[in-house]
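Have a look at this one before I ask anything.
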């Protein structure tokens, strides 16, 4: 009985079986098509197949820092309708944005302005400190968009729960408030908790600082925020990055989002 | 009505109130005692107050890489009894360790050999591929130690659940096996799940590569494993590190364990 | 009437509660000012729920970096020893009890420490952000707020009528008129703004104030 | 009797299932050998549940670094584009369905695809490690095992008698005698080791084997 693969006639054989392909004792990434398939030339191409009725996570946190602005703009041009948007904030819209940042900026507000969204799930649909003229708040007040308001930490954990294949979790956040309405409650070890369920999506639009060619991601400062958990929780994750570098250029100890969570990369230099 | 704090007579005043202390517009870490209190001169000093009956998480994964060996040895010398140990593996003990690594090594096995442990919670109490002569397996077979066997991913998630103040979570892992015995089951969205509860501890003994003087930690390669989640889940986290560096010497983007999870640091140069 | 305290003064009084080495989260609005009001001999680690620990003061116009912001969207400055993490990790810290103090704004606080700080009548689309998580998870909750609405309606009440953030969570209320502690016996009036009397402040409060034995003028 | 296949050959046959770009986790023991058996024109990303993605082959004695190990405690080698993470993140990947293929050892596999690979009679202190999580979470489970025990007792059975890892999870079994697919109709015998016949292998199997229409000798 031969326990080892042996080389015979210049071909590797094993137990008398001839190998069709020579195994090499190394996985070398030579000639693979894996990386090439992830890199897109434009945001428009990267969002082209987003379909009507899709659920879409949009990264970022508040008014700026980590918002995938170029992907949002591409999606507004692409025109998919009846979308469910999962994001921390509903966006202020371009008009109000001038109050926050000189020159203003685009955010998810344009998706609402365009009438592309039927439901929003997030922790700050509209900012109480701003006038009630954000596109989402106007549409909600007109009964044209549904809102599911979720405490921010619960939102982050529901995303992680969806990413990690769990069925739900018990949190003390929301007990005694409107958040507990309609939800199962349970006392565990003497404390009251609410059952919260996972969130997943068809697509995530996120922003990172750098990607390598495999799709490993690093972020910059507070622009990390909701991007990593959304990358993990969506079926197809599309990222816009400031810089695309060759595989192996990111230190393996500092990669925040492993490449298996990233499906499409668009480089949008700042 | 004055809305601003104004400087008057060399002292800051505000609304006519004289400030006892001058506020400065910066948080400068000058003269703080915060960092000094975390740094211990020896593993013996760092584990000195571990009490009989304590629950202790022990970092690492398998036979090496990330094991806080010097803290384990210190705890074995310290002598606390009736301990509950939470760790991925029960350890092989010094005798068996020679089969794994030339020269052998110490692991949690010495705590069992010493009769310090009454309960073990983990995913691999003993290795099936080794003879049944690890200290934990011997004591378990003699009825002297209780074992709670937990699937490895469920162990990691129970630690994170304890760290994050959640009451429990539903996992599909263990359905149809001995793991589901005695646990609540629930069907969510058509799939069956088991309710798993959080794990916390009085102390965590962990191993990191570097700490800064605040206690921010970075790890090296696969020595990361269970250390970060245990650091988060214990009341008092004690870390042995290869190298202690000044605060500010670790890149803020690459810190894995933020310092608020670390209570005691011992530098043990390799 | 005497002057009411300004926002900076209220924030400075709140910042005086931060002990050396404490981990502090600053809520939306006025609490953010506390970051600029830490004495140089103290270390305070500011945590922000968008994923940052250990930032410094608010950024000046020249320092502004829109990828280094606190959870109120204000650019801040870096400090040695700081670190960044994602939103899920930020809320593990918060729910897990690793925040010593949170300073929050409020629409209403009840004498039992119930907090209402996110929703208000006529604005159903506004959300709670991270306020509920912070109110449940932090070890000590300080509210900084104006004592009344612009129209003089008390914001400190016997029962909140605005949507709740969490029940029985507030420890200390600092307003433009007074400092009050929430105790088992209700509101303990600890400090008054200069020139204000107990009856004057009680008249603007929707719940009973019990003056402390050592009631004094606010010290900064 | 003809020769049975060796461990390297079984592992090589398993490695032939890895498609370009697939994410693969290798279980304890024999499956670990697959890391050395990837053709140079293919990219396979090996994930290890101790917190690593994208490692290379097993380390030689000169290359050994005891802080760069797979979940079987074997030192491995680094590759460009690899990354490290903690145990919780490793199992998010696994439970979350991001592992394309896992290769596991087994004590028993049933004709329905039930897997028993961690506990055995007389050793109650051995544990399941990450096997249950992998069996539940990976998209495709391949078992590599010896067809029988040393004493000739079948390991492929109609019902497992050893403690289960998970039910209905195994897709493909590769042994020292044969390659079998688990189908709705039971075990489909796809490939045989050189010189072995269907009756010979059936005699060493504890469940009914249905020979495939295109039954062939194992190809590597």
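Labels A, B, C and D are assigned to the chains in the order they are written; within every chain, residues are numbered from 1.
Here is the rule we go by: a contact is a pair of C-beta atoms (placed from the backbone, for glycine too) under 8 Å apart; a residue touches a chain by one contact, two chains touch by 3 or more.
Predicted model only: the values in this text are computed from it and were never measured.
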| item | value |
| --- | --- |
| Chain C and chain A - chains in contact with each | B |
| Chain C and chain D, separation of their C-alpha mean positions in angstrom | 56 |
| Computed distance of Cα centres, chain B from chain A, in Å | 30 |
| Cα-centroid distance, chain A relative to chain D, in whole angstrom | 32 |
| For chain D, residues contacting two or more additional chains | 84-85, 91, 94-95, 136-137 |
| Chain B residues counted as touching two or more neighbouring chains | 157, 160, 164-166, 171-172, 219-221, 252-253 |
| Chain pairs that touch, as defined at the top of this document | A-B, A-C, A-D, B-C, B-D |
| Chain B to chain C touching residues, read off their complex | 1-5, 14-34, 160, 163-166, 212-214, 216, 232, 247-248, 250, 252-253, 255, 258-261 |
| Chain D-touching residues of chain B, taken from the complex the two chains share | 61-66, 88, 90, 100-101, 122-129, 132, 134, 136-137, 140-141, 147, 149, 151-157, 159-160, 171-179, 219-229, 256 |
| Chain A contact footprint on chain B (complex, rising order) | 157, 161, 164-172, 186, 188-189, 191, 193, 197, 218-221, 251-254 |
| In the complex, chain D residues that touch chain B | 28-29, 48-52, 65-73, 84-88, 90-91, 94-95, 118-120, 123-133, 136-137, 163-167 |
| In the complex with chain B, residue positions of chain C that touch it | 3-9, 12, 15-16, 20-21, 23, 35-47, 53-54, 56-57, 77-85, 91-98, 136-137, 193-194, 217-220 |
